[in-house]
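Sharing a structure with you now.
Note that the chains are named A, B and C in the order they appear, and that numbering of residues resets to 1 at the start of each chain.
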Amino acid sequence: MARQIGEVILDLKNISLAFGGVKALTDISFDVREHEIRAIIGPNGAGKSSMLNVINGVYHPQQGEIIFRGEHRKDMDTHEAAAAGFARTFQNIALFKGMSVLDNLMTGRNLKMKSNFLQHALWWGPAKREELEHRRKVEEVIDFLEIEHIRKTPVGRLPYGLQKRVELGRALAAEPQILLLDEPMAGMNVEEKQDMCRFILDVNDQLGTTIVLIEHDMGVVMDISDRVVVLDYGKKIGDGVPDEVKNNPEVIAAYLGTQH
Amino acid sequence: MQFFLEVLIGGLLSGVMYSLVALGFVLIFKASGVFNFAQGAMVYFAALSLVGCMGMGAPLWLAFILAFAIMTLLGIATEKFVLRKMVNQAPIALFMATIGLAFFIEGLAPLLWGNEVRALEIGLVDEPIAWILDNYNMVVSSFDLFAAGLALALVALLALFFQYTRVGRALRAVADDHQAALSIGIPLQHIWALVWAVAGFVALVAGMLWGSRNGVQFALTFTALKALPVLILGGFTSVPGAIVGGLIIGASEKLAEIYIPPVLAGWFGGNFGGIEGWFPYVMALLFLLVRPEGLFGEKHIDRV
Amino acid sequence: MFYRETGQFKTSYAADQQIFPIRQDRVGVILLLLVAFIVVPLVAGSYWFNAILIPFLIFALAALGLNILTGYAGQLSLGSAAFMAVGAYAAYNFQVRVEGMPILVSFLLGGLTAAGVGILFGLPSLRIKGFYLAVATLAAQFFIVWCLTKFPYLSNYSSSGVISVPGVEMAGFTFDTPQSRYLLVLSIVTVLALLAKNMVRSTTGRAWMAVRDMDVAAEVIGIRLMHTKLLAFAVSSFYCGVAGALYAFLYLGSVEPDGFSLDLSFKILFMIIVGGVGSILGSFLGAAFILLLPIFLDISLPWLSELLHLPFDGATVSHIQLMIFGALIMFFLIVEPHGLARLWQIGKEKLRLWPFPH
């Protein structure tokens, strides 16, 4: 049962981001509604990853406003973003290769752990209870993503598709309000893509998590997203439901190229 | 004032000597991305080989050539038996391997050549330059001046080599990205052998100069450790940086050694010599906080 | 077939989280502790205590400290000996200057002082990484040793910084026999090792490993880099500091700043490389290996020299030692970067199947 799409929870107004002389994003505005799946698409180099980085505080835009649940958050850093409920995955997998799947997922719960290192050293009372409670939560994520059989495997040894799934798991373990996915299906074969789609839809369905997703596979985008934003050369050239965007001449031109 | 100038010039000149050692680091790092902690041991080994050959009766020029041949062999062996096997590992692991290499060479050198302190005669005497002494009343060693000149010439040569020759370009490509360089047909192993040979040459020149100034002894390996702050100041990949860094470290170290202890003795009483031992490192540390890539180094950007 | 795990199912997360989830491991460790605490003191001679067991435990503790910083948190440090020195001298000062100070408190304060200094010299890690950081730790190494030599107050105005520690007493009992010193060191090291093992398995340890593996990603998922790195420096220096205090009070009896030189820092680094970075067990294995190697060489080289009819004098032996150290480091880094601990793990896996091939 699909959730009802709610009010706007994330509003991006006039975001401009430049690195030295290079303009990554120019005057971008769009919003994200609660419980929806919002796709960001565009040709390579359009600024999609930069947009995601702006949303979760990795980059700070020179201009513009970010309003999350009514609060102005333009200058928040990554730690604040994570605390506010943003979790994300990365284009090139950013897992901790030296740790097991279970440990990687547990790091996703890091912000929720309140005990300090002394309590950890003594493995006593609050620290132990907390660890077990979070372990329980993480196991739910493991069940959900069907990765029980690899939970103790060091992540560096897993095939690419599974690593991507584990990265999703780490983001889910944080119980985020908004999930930012950067090309979650890049480099996957058809079966893996179908699995990943299923997981993303389930996350949205069962947990109600709002999802902002960058993806290149048009089929996937059209199928699963509620609304789409199209970027090209750092500017917004389309915004609406998939069907609208698909037929937008500017979008078609950007992807296929036309003579100017 | 004169005394200050004297200390300054002495420091600058010894700084150039540090640069020579640092140059070896830069070469290897530039061409293979490996920070060769064993460079100091190589300087020691080179100096010992030189002095050993001369001790067996060879004149300086012949001993130099023989020592160079030995250093080249050492470099090739290192590349073949150690570096090649560690191609896939993290830079830190490679660095630690060179620490192991340093210890290995530090054990091997005296095993082959004996470990008494030896004098190295290269025909230069460590005397104050007469006309400076007479006109300005300052002691400036003629030896140091010659060494500085030699080092500068070497640096200029190497800078030109890297910038303008085909081989130099290939070396820079290799340092940037091994796989990419391989894929355009650059023969990695030959390049590395070449680089280590050049580094060995630089180590030999440094060893020759340091050895004749201070005697060939185990302490030479510690001078090499001093090259580290030089590299931090100058940047790990910059040949001119090695010179500038060396000058700064040499000068500041000597000045600190002369001027700081009296101040400390005034506050605390007692003797505060030996500042030279840590001052360059602390300076490097402070510098790192302000400019992590060094004066001429390349900025490192992490992309997520 | 003695090492089978069949039949050992975990029915709760708590059971899964134990340090030694496999029954055979638990039994093994308990036996080991029994032997260490009860059998050894009864059986071993004083040479064993003084030359082997006590230094082994102390170096294992220092290696543990370095492993936390370099192996788990990924911050390369070449200054562990300097932190040992801080611990030793601080403990000495507290013990000697404060009337009636209990010895364990002195050790604790020595460790805490080292932790404080560690945080100070760890601050650069917030801006610099990798071998740049190693050079910064070199600054710590040289500066600290120089301070200890030049500021007479720190060594209670003795000449050239040498300190001779008073005897160790607790509740009227004097620790002057090798057995008693061994048991005290063993107890302290066991407790600290347990605490370390707990820390590295917990959120603290995971945060350290995250920073080691990919600090940019760790920051993005909300791990505070500054806290994590500085905590690593603090805990690591604490362990090295306590090791230094034990080194002075229960092993050598008298130390000088030069005894905590760069050479010792390298030795400790070698212990964790050979033993296994990122492994508590590895710290112990590495310490044993590096400590026993010179002794082994001292015994075997003369025999070898007779065999080959080559004279090996003392200097030659130490040269060969250097070469073997260097060669071993390179060997381990090439062949088994995870050190003896990994070899041990592989051995256990083979044991699971033995005597069957697969």
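Following the convention adopted for this analysis, a residue touches a chain if its C-beta (ideal position, glycine included) is under 8 Å from a C-beta of that chain, and two chains touch if they have at least 3 such contacts.
What you see is a predicted model; the values in this text were computed from it and never measured.
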* Structure fact -> Averaging each chain's Cα atoms, the one nearest the global Cα mean turns out to be C
* From chain A, the most remote chain by mean C-alpha position -> B
* To do: Would you kindly tell me how far, in whole Å, the mean C-alpha position of chain C lies from that of chain A?
  => 41
* Intercentroid distance (Cα basis), chain B paired with chain A, Å -> 49
* Distance between the centres, which are taken as Cα means, of chain C and chain B, whole angstrom -> 32
* **Junction residues of chain A - those touching two or more other chains** => 58, 90, 94
* Can you list the residues of chain B that touch 2 or more other chains? -> 304
* Asked: At which residue positions does chain C touch at least two other chains?
  -> 216-217, 220
* Along chain C, where are the residues that touch chain B in the complex? -> 76, 124, 127-128, 130-132, 134-136, 138-139, 142-143, 146, 149-152, 216-217, 220, 262, 266, 269-270, 273, 315-316, 318-330, 333-334, 337
* Residue ranges of chain B in contact with chain C within the complex -> 35, 82, 85-86, 89, 91-93, 95-97, 99-108, 110-111, 115, 225, 228-229, 232, 268, 270-272, 274-275, 277-278, 281-282, 284-285, 288-289, 292, 302, 304
* **Contact set on chain A toward chain C in their complex** => 56, 58, 78-79, 81-83, 87-88, 90, 94-99, 103, 106-108, 110-111, 113, 115, 117, 120-123, 127-128, 131-132, 135-136, 139, 170, 174
* Residues of chain C touching chain A in their complex? -> 13-14, 17, 195-196, 198-199, 202-207, 209-210, 212-214, 216-224, 231, 235, 278
